[in-house]
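Here chain A shows up in two complexes: once beside chain B, once beside chain C.
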Partner chain A sequence: MRTPPGLAPESFATALREFEGVVGKDWVFTSDDDLHLYQDAYSPFWGEPDERKASAAVAPHSTEEVQAIMRIANAHKIPIYPISTGRNLGYGGAAPVYSGSVVLDLKRMNRILEVNERNATCLVEPGVSYFDLYRHIRANKLKLWIDCPDPGWGSLIGNALERGNGYTLAPYRDHWGAHAGMEVVLPDGDLVRTGMGAMPGAKTWQQFKYGYGPHLDGLFSQSNFGVVTKMGFWMMPEPEAFRSGTVMVYRYDDLFKLVDILAYLENLKVMSATTRVESPLLFGAFKAPPPSPELAALRARNPGREEYEAFAANNNVPYWSVILRFYGSPKLTAAHWEYAQEKFGTIAGAKFKDGDFYEFPLSDAAVNRIMDKAPLGIPSLEAFSMGGRTPTNPTPSNGHMWFSPIIPMSGEAVQECERVFREAFAQWGVNPLGLPLPQLYHERTFFQIYGFPISHDAETNRKNRETFKRMIALAAEHGWGEYRTAPAFMDACADTYSFNNHALRRLQEKLKDAVDPNGILSAGRYGIWPEHLRKTRS
Partner chain B sequence: MRTPPGLAPESFATALREFEGVVGKDWVFTSDDDLHLYQDAYSPFWGEPDERKASAAVAPHSTEEVQAIMRIANAHKIPIYPISTGRNLGYGGAAPVYSGSVVLDLKRMNRILEVNERNATCLVEPGVSYFDLYRHIRANKLKLWIDCPDPGWGSLIGNALERGNGYTLAPYRDHWGAHAGMEVVLPDGDLVRTGMGAMPGAKTWQQFKYGYGPHLDGLFSQSNFGVVTKMGFWMMPEPEAFRSGTVMVYRYDDLFKLVDILAYLENLKVMSATTRVESPLLFGAFKAPPPSPELAALRARNPGREEYEAFAANNNVPYWSVILRFYGSPKLTAAHWEYAQEKFGTIAGAKFKDGDFYEFPLSDAAVNRIMDKAPLGIPSLEAFSMGGRTPTNPTPSNGHMWFSPIIPMSGEAVQECERVFREAFAQWGVNPLGLPLPQLYHERTFFQIYGFPISHDAETNRKNRETFKRMIALAAEHGWGEYRTAPAFMDACADTYSFNNHALRRLQEKLKDAVDPNGILSAGRYGIWPEHLRKTRS
Partner chain C sequence: MSKVGYCSAALLLGVALGMPVRALAADAASVQKGKQVFQIWCEACHGSGADRPGTLGLEVKYSGKIPARLEDRKDLTPDFIKLYVRNGFAMMAPFRKTEISDAELGALTAYLTRTQK
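Take a look at the complex of A and B:
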């Protein structure tokens, strides 16, 4: 039997028996076989001593059981690490940040507590996945959409707490921003409801986000201040129609105006552009057909901008392109698309291509035929095919880690970020998976993505971890910060948010000590350590 | 000289000299004449011993001065009450919640630090009013809009921290929701920047809201956890055109479908409907022409629904109406309005009327001619004319207090709320200013508004305060809570958010004690008291 660090085996054994008393013997896991499921499949410490592992796992069925577990954990000072469905792949999965913690697995708390069709809201437990909620909506023929990330097997609550994103209209695809109301078990076992939920019998817990007085919800995102046991979300009503269209421009410098117009249209809520700025010239998009032999040859030579532009002009291959998405009626989405073309048409030589068009509701058969499901709020696991074994990817990796700094939403920032990292990679002699194209998940900003494969070779992983950390520091020198990261890098990222001698982290940790005096909950998460472990900060 | 409660006059005199050392003699106020300016002009305790008054005021010019003042206040345990511009009329104005506090007046910190036209964001200090920012935009011909409440003389930061609302598109008119990034002086004088501002040299402080790790911004809204010295906002890009239109329906029961369609269209971001559901039949809207003699006679008789409906049908006076607002190009707003008419046209007998239409930018002369400025992001003080002396309002009051519970966005909730309060008023023998029409300031919910005039007769005020408190309790019994209230009612409202033995307030106060151990900052605000005053909770 593994034991949490610093805990006597007898003491741990007692606690496990007490956990069994709460949830039953079947729902306390201590065998290696069972605990294997709580490893991080994409761990960059794969097989190394530093790989983070659970000492046990306990799976409660109710909020009351979570409260009882937290009280027992406090009595024995046992580190606890809650997960919703444990699908946070690339950012730690189910494995605890502080190795040896007991995983509090909330998968059995998977009740869809309410779906309000008229107000387009829902209230769910942490074990509810995007698939679960989608199936509920389809089964009940509700005129509502969910907004899901790819892949769709994760937890609505887990993804929102990590501040993940999806693909539909801006207010919905910001999963944290779209939440309304929480129920939280505090580290001491007390139970809090935020927003209007603090009023017994409240009629607008999932409708009015802020409630009364200080709004505490943010404390519980990307953090370790409580175990969220219920959470509400604003949902999108089913539109009558969806339409997409592609904008294509042919010169490098068109990027600047393209981005400004994108920002204008999204800030006016004319369209949703959750996708990325693609460069059909420089990179093949996911699912795009292979490049022509001429283009492949050009890319291999990687010439200067002028030659690329000449190729673009002569072969009708855009330097930049972006897919726009519109939600409304057939006619209204046509008006949106027409307006977008009018605005982007001010870029000389811009071309446009009509994309998908759907009217709703769709039959199950029609849903299955859709290639790009996420923008329609349909969960899938198709994103995993990206890393699969294909002719162009004969040796798939064992996982990945993404480096994704937030940069300004401007062509200049895209250009600078690309240059800074290109020069650094040359200097460092490394070559991450290149996808230096701006991603549009968040409003008002881009992030760039650089990927590293996870290897089962420790030396490769060590080198990639080192490069990753250098990139964090280099990005911070330019004022670009990570919005989210894996446990291996949580401290390094937190270190870059250092204004006024780390004033924000000092405040976060002061608050942490106040709500979790024994420091038992998710130690180290997002760089926040309890007092007794603060000196071990990596 | 007044002194804060429990403080020796000599000790206070020493502190005032130290304040003078920080801000200069001219900016520490102790005379009755000066302090009169910090009274609440709309105090429901007008002239009574319980009226909340400042013992002094100090007006710093910089963040560093705010820090120095907080350190001095800690050393002497002096209660401090920050205000931005002190224009929070109806919700306490400039007067402290805890009488005898020293007002920290931030009006001199009125710098517009940055306006980013391309990303449509700004960074301002607390003394910057909506007028200030609007003038800056006009002077520099920036293609940006602000979203302002009526009236427009208040502080952007103050209004956002109170979670106030405006009149343009939904993401902008939620002033708290539209903020991005804060700088805060903590009660102990330490300085924190939130969101990306925690990264030195961050490039996206006003663009990316959440930063990294627990998002603490909510702690500082409707609260007493820090003094906000800078705050960023997402702004709306100037649209090419604005168009409004009125939907009119003629039967009482049309309310239900009207509200459902409103919710659908706003949730799909087709339009902004920040206004209220009007009833031209039952009430004259603000600025509406006086009713016909026949309608006035009908209202005076106040007959049953059938008779009202007959009048509505025969005289073309809608039972309900709502003004919709659209932002985009001339053509796009026409498409939005057409779509809205298609949806509302499913209500039998619905009629439509084209409203205002403007193309931008407007000349100063054109701006002056606009009757309804707030939906165009133009600040004014015209709302004050509502309470002025007119033929129909021969004895204007000395102010007002609004009771405004959040209710679900449904016709049924509107109906129930109207019934519950009508019956209660009859039972209690009171008659508040009736405006039981649902207000659409927030997304997803309505609030109802009931107003009480502020009198200079103590007995009248006492009765109105009593009624107000009974309404808070009655609303809570039905699950309806206040989103904001005046100091006189902050404890009473907080009392209704009582789930699990006031778990939320217990958590808020635990956090309060951690960040403000001497309990010097804005004691009692939104019902949160520091430890040493907790027993005095009213």
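Take a look at the complex of A and C:
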């Protein structure tokens, strides 16, 4: 039997028996085979001593069972680590941040408690995945969309608490921002509802986000102050139509005006879906076929800007491109696309290409034929082809991890960030995965995304971890902060948010000590450690 | 053949061979349950369609010598299926028992080996 650090085996055995009394023997896992399933499948510590491992896992079926487990854990001072669907791959998966914790597996709490079609809201438990809610919508022919992240098996609650992102309209694709109301079990087992849910019998828990008094919801995201057992979300009404189009420009300096117009249209809500700035010339568009031999030779030679621009003009290969997506009616989406072309048409030489057009609802057969499902609110696992075995990648990796600093939404910032990291990679002798071009998730910033494959070779992983940490520090030097990260880097990222001698972390620690005096819940998550473990911070 | 058609034909064949009807019905129920498990947990990667990374990967791996869709395979064994579900492979993460229970995994193996009986 594994035992949490510092805990006597007899105490742990007693606690496990008490957990079994709450959830039943079938839902307390202690064997090595079962606990192997609670390791991070995409761990950058694969096979190393620092690999995060659970000492046990317990899987409740109700809020009341979660409360009972937290009371037992408090009595025995057992470290607890909640997971929702456990599919936060690339950001820790089902493994605890503090090795030796008991994983509180909430997957069995998978009830869709309410979907309000007229008001476009829902209330769900942590085990509900995007696939689950999508199937519910299709089965009941509801005129609602969900906003999905890349992996459809993720939890609505888990992804929102991680502050994950999706692909439709701005109010919905910020998954944390789209939530309305929470139910939370505190470390001592007490039960809290936030927003209007604090009023017994409230009629607007999922409609009005703020309730009355301080808005405490943020305490429970990227943190360790409570176990979220219910959460409401705003959903998107099914539009009549969807339309996309591509903007292509051909000179390097067009980047600046391109981004300014993109920001203008985004903030006017003319163009409102997630997109990214791509460079078919320099890097190839996302999922693009291999370049022509001439373009491949040009990239290999990497000449000056003038020669690239000449190639772009002579071969109709854009220096920069952006796919725009529109929701509404056929007429409205056509008008928005026409207006966007008018605005981008002020860039000399800009060209435009019509993209997809769909009217809703779609049949199951039509859904199956669509490759780019996420902007249509349809969950899939298509993103796992990135790193998986494909014609151009015959040897699949063992997972991935992402470094995604937030940069300003301007051409100048894109240019600077691309240059800073390109020069650093050359100096360090590394070559991370990913497209070194910005992704638009939130409305006034870009995410600059770099990826690292996970290896089963410890030395390769060690080098990638080292590069990752150097990138965190280099980004911070330039004022770019990471928005979310894997357990291996939570302390390093938290260290960069250091204004006034880490005043924010000191406040978080005061709150942690008050809300969780025994320090049992998710120690170390997002760099917040309980008092008795603060010296172990990496 | 449709799901119902498959079950009916299996039952008729079993009766003709003198097999216990109750055992065949249990098998059919297990296959049916296994199909549901496949649709919930496996189809998004291993179903039909160009956006299914599992099917795409197996197309590249086997170059058509073995079917890329798991539902078309005739060489899978229960132990092989359980090994992959509980251990994962490359980008495929393993599945916990709160996701696919041992009973559901048994049904899944019944479904994916149904044509071998």
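Keep in mind that, in the parts below, the second predicted complex is superposed on the first by the 534 of 538 C-alpha atoms of A that agree within 3 Å, B and C clash if a C-alpha of one lies under 4 Å from a C-alpha of the other, contacts with A are read in each partner's own complex, and residues count from 1 in each chain.
Basically, a residue touches a chain if its C-beta (ideal position, glycine included) is under 8 Å from a C-beta of that chain, and two chains touch if they have at least 3 such contacts.
Model, not experiment: these values are computed from the prediction.
The wider contact with chain A, measured as residues touched, comes from B rather than the other of chain B and chain C. Once the two complexes are overlaid on the shared chain, A:169 sits against chain B while remaining clear of chain C. After overlaying the two complexes on the shared chain, residue contacts for A:42 are found with chain C alone; chain B is out of touch. Of the two partner chains placed by the overlay, neither chain B nor chain C lies in contact with A:50. Once the two complexes are overlaid on the shared chain, A:457 sits clear of chain B and of chain C alike.
Once the two complexes are laid over each other on the shared chain, residue contacts for A:307 go to neither chain B nor chain C.
Of the two partner chains, neither chain B nor chain C is touched by A:294. In the superposed model, A:423 makes contact with neither chain B nor chain C. No residue of chain A lies at the contact with chain B in one complex and also at the contact with chain C in the other. Residues of chain B that touch chain A in their complex: 118-121, 163, 169-171, 176-177, 180, 186, 190-194, 196-204, 207-223, 225, 234, 236-237, 239, 260, 263-264, 267-270, 327-329, 331-332, 335-336, 338-339, 342, 406-410, 413, 442-445, 476-485, 493-494, 496-500, 503-508, 510-511, 513-515, 526-528.
Within the complex formed with chain A, the residues of chain C that make contact are 40, 44-45, 48-54, 56-58, 60-61, 86-88, 90-99.
Only residues 27, 29, 33-34, 36-38, 41-42, 57, 59, 85-87, 89, 93-94, 105, 107-108, 127, 131, 152-153, 368-371, 373, 379-382, 384-385, 387-391, 394, 396-399 of chain A touch chain C when the two sit together in their complex.
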